[in-house]
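Okay, got some structures for you below.
There are two complexes below, and they share chain A, which is joined by chain B in the first and by chain C in the second.
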Partner chain A sequence: MKARNSVLAKSLTTGLFFLALIALWLTLSNSTAVPEYVLPSPGRVLTTLLEDKSILWSHAEETLKEWAVGLGLSVILALMLSWLAFASSKFSAFLQRILVVSQSVPYLTIAPLLLLWLGLGAAPKIVLILLTCTFPVAQLTLSGLISAQKEFAILATVLRLEKQRALRLIYVPAALPDFFEGVKISVTYAFVSSVMAELIGSEAGLGVYLSRAQSAYRTDRVMAAVLLIVLFSLLCTWCVELISKKVLFWRINQSV
Partner chain B sequence: MSNLALAATLIPITVALDWTPNTNHIGLYVAQAKGLFTKQGLNVRMVQMRQTSTTQLVAVEKAQFGISFLSDVLHARAQKIPVVSIAGMLPENTSCFAWRASTPIENVKGFEGKRYGGWGSPEEEATLRYVMKNSNADFSKLKMVTTGISDFLPSTIKNADFMWIFMGWDGVRAQLEKVAIKTICLRDIDPVFNHPSPLLITSEGYIKENKLLIKKFLAATAEGYQFAAKSPLEAANLFSQLVPETDKKLVEASARTLAPEYVKKVPYWGYQELAKFNAYAKWANEQRILDLKEDATQFANNSFLPSVPLGTRP
Partner chain C sequence: MISIQGLSLALDGHLILADVSFKIRAKSVVALMGPSGCGKSTLLKALVGVLRCSEGHLLLSEGKSHLLMQWNDQQKEFALVPQSPLLLPWRTVLENILIAAPEGGDKQQAIDKAKELLRRVELEGSQHLYPWQISQGMAARVSLARTLMIKSGVLLLDEPFAAVDATTRFKLQRWLLELVDTLHQTAVLVTHDPREALLVADEILILNGKPARMIEHIELPERSQRLLTDWIFGPSAGMLEKKIRSALEKV
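Right, the complex of A and B next:
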């Protein structure tokens, strides 16, 4: 009962926050001092969202394709990397350095180069997703595996499990919550990365819609696209949470 | 299925734009919408660019054609990047310095003490320095602010006093928003700035292998521009069908403003006056923003253009 109350309180706070935000938005956009190309009203943005839904959808399809392929490959790559790093401490040290480097690159400046190297199709977008999204999954999975090993190594010895079996039966399940945390971060990162790459050069995608609207001063369209991106990110995070709860059935009473 | 079969026999062509699609590109979109490219056996896709150098993409042939600018082409050539301009999309420079009428600027002298909002290129500084010097204005009293890729109306609310804009796009937009603006246009300041802009470019490597293809591509494009010059409203409609994300009213007003510009004072669409290439290169060299030793006229080529004067086509 207590847990339920706290959940209720949490959603109430979030709800109030968004209500306040919308109220502020309404007040500002109604003021005559703010022209519509600076801040359109929430109503205007919703109307635009509905009016443009087929155009938006055709662009979203392109972005979603890049997102799905990029994220899928990121997760596979991250799992391979963390497995290798877990097996070899030398590789682990190497990987740590590479991951740090991969996160310190300013991607806004790298993206134009990716276009130059890989052309104007989906490839540069997928590579950008790989660069931004492999890190959180690999890092969290690896640290999950390592802390599981610290915690349960004695158990494995007692049960006389060889390393591979211990990995499969104990460490991997114990590291799954960390893996899902990584995926949860990456699903939104991946979406933002593909939109960003589309902004820089593309034929279709939400980034294309955004930039075209922006250069025509259609701020209502810009906000509509942003709204769509936010909604999609929320939906994705929620889906990952749902899946992780199903998979981690034994943790049902623990807060994730 | 027949569409797919048709597409398979067409030659794929990628055009990298200089920015998001706008009325500078209208002829390309008219040609696309009216199937003029298909008629020439080409399957053309237009890819929009922001920040990425279209010139480099064309040089490495990731795109066969690109939209660029004279200064960009000259800088590229100075770096031995092998691009060639094959058409001037607009024969004159339609860009202007612009400010809100409420800002107290009357002439170039009035730039003193004001904030110029730009994207931070050496051209902007050199141009302003030169223009102000010639008007006996003190360039050191001008404040250069980098507003990046932001647009004229939002930027001039707070961040900048005047900017460098395309009359046919930002200027028209201000009119539609009923914001009174004042301008000084580059082509009226000094003939050295009045060169074709933007330019349609390709690479030397592509020219070597595909002369006929380039002619076909330009034939369709020229027809598109001739159509836009004669029927701006219909052209705007075709454009908006392919690019519904921009603003229909803006495109219509812009197409009407630019219709007399597409073939202004040139024998046929796309024609580039080679002397203007040299004049600008000489100027840029003198301003020390360019280090180009070669003759700049060799970087422009009119020979792929269909030399059909306006109005003689049925």
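Right, the complex of A and C next:
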């Protein structure tokens, strides 16, 4: 009961915070001190959203496609890498070193290169998503597997489970919470990567819409696109959260 | 009869067990005692193959001799109930036990066996509960049932009830011995309480020293005799208890 109350209180404060933000936006946009091309009113942005519905959707489709393919491939690649690293300690040591270095590489700076090499289609965006999203998922999954092995290795030996069977029955399920953590991070990373790459150069996508609106000083369109991207990102994160709660039912109950 | 000869084991360059030798009679219950941290758990882990021995032989009753140095099929002679239950939280009680079923075996047969074991540990009504829904004492019994799923000559119990309170622990230990008796299972039980050892074991082994050696071996009278005649309250039991305590306190 107490827990439920605190959850309610938390969502209430979050809701109030956003209401306050919108109120601030309303007041600022209504005041004469801020011109419309700097800050259009929420109503204006909503109208633009509706007016540009079909063109926005066609761009969003492209971005979402890149996002889905990129994230899907990242997850598959990450699972393969962490499995390989778990199976071979030599590869694990190599991967750990690469992961440490890779985390200090600002991948967005590679985007222009990727565009030169791969053109203006979806390919460079997908590669960029792969670069930014594979490593968090791989690293978290691998560390989940390793800590599961530390905890349960004695059980696997005592029960005489072969390595593959122990992996399937014990280590993989035990590493799932970490895997989902990685996916949750990557969901947003993937949006950032695809939109940023589109901003730099592309034929279609929300980033293209965004950059065109920006060069035309159509702040309402920029805000409409930003709103849409934030909405997609929140929605996708929420979906992953939902799936992970379903799959990891034992984790939530365990902590109560 | 199984005998262990000259078992030595080092961890990170430190010798933990030195030249440990002892015998386990078939269908007997051996209480393994020793001060905390002397290497009792290490010894059990070595027997079951979790830790690697640097030296030692295992002699089985058929006259076969095996090096304890390598993990091999012969170490399957032992099955361990570890100190903490290590139940998998995403599996129900029944599924946790089934994890010990051999791969590719008859599924229904495994389920029947698991259910039978659950009945034996008095948990038949809890098979569909998850580990976070049961008490520590119940978890310890699930862990025991899980280990009983695998065939073994000697059941090794590493204080499986250490996490439960003293009253419940005593009850569980008495119950455990009845179970071991009805299953005709040879068992080695690590315990800290001399009176408990005197009550439940057929013989007592005491491990002490750094590195640890077997410093005492005490044979007890027939268990049924002890239980019938209130032997535990008599003078000879008192003498033995004194002997155990002094062996445990030796530095």
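Quick notes on this structure:
In the analysis below, the second predicted complex is superposed on the first by the 252 of 256 C-alpha atoms of A that agree within 3 Å, B and C clash if a C-alpha of one lies under 4 Å from a C-alpha of the other, contacts with A are read in each partner's own complex, and residues count from 1 in each chain.
Following the convention adopted for this analysis, a contact is a pair of C-beta atoms (placed from the backbone, for glycine too) under 8 Å apart; a residue touches a chain by one contact, two chains touch by 3 or more.
Just so you know, these numbers come straight off a predicted model, no measurement behind them.
Of the two partner chains, chain C is the only one touched by A:Trp250; chain B is not. In the superposition on chain A, A:Gly182 contacts neither chain B nor chain C. By the touch criterion defined above, A:Pro40 reaches neither chain B nor chain C. Touch criterion met: A:Leu159 reaches chain C, while chain B stays clear of it.
With both complexes superposed, B is the one of chain B and chain C in contact with more chain A residues. In the superposition on chain A, A:Ile55 makes contact with chain B only, not with chain C. In the overlay built on the shared chain, the residue A:Pro136 is in contact with neither chain B nor chain C. Of the two partner chains, chain B is the only one touched by A:Arg221; chain C is not. Of the two partner chains placed around the shared chain by superposition, chain B is the only one that A:Ser211 touches, whereas chain C remains out of contact.
For chain A in complex with chain B, the touching residues are 35, 37-38, 52, 55, 59, 108, 111-112, 115-116, 119-120, 199-203, 208-209, 211-218, 221. In the complex of the two chains, the chain B residues touching chain A come out as 14, 16, 19-22, 45-53, 56-57, 60, 62-63, 151, 153-154, 157, 169, 173, 177, 243-247, 250-251. Of all residues in chain C, those touching chain A in their complex are 45, 48-50, 76, 79-80, 82, 86, 88-90, 99-100, 103, 130-133, 146-147, 150. Every residue of chain A that touches chain C in the complex is listed here, in rising order: 151-155, 157-162, 165, 169-170, 173-174, 248-251, 253-254, 256.
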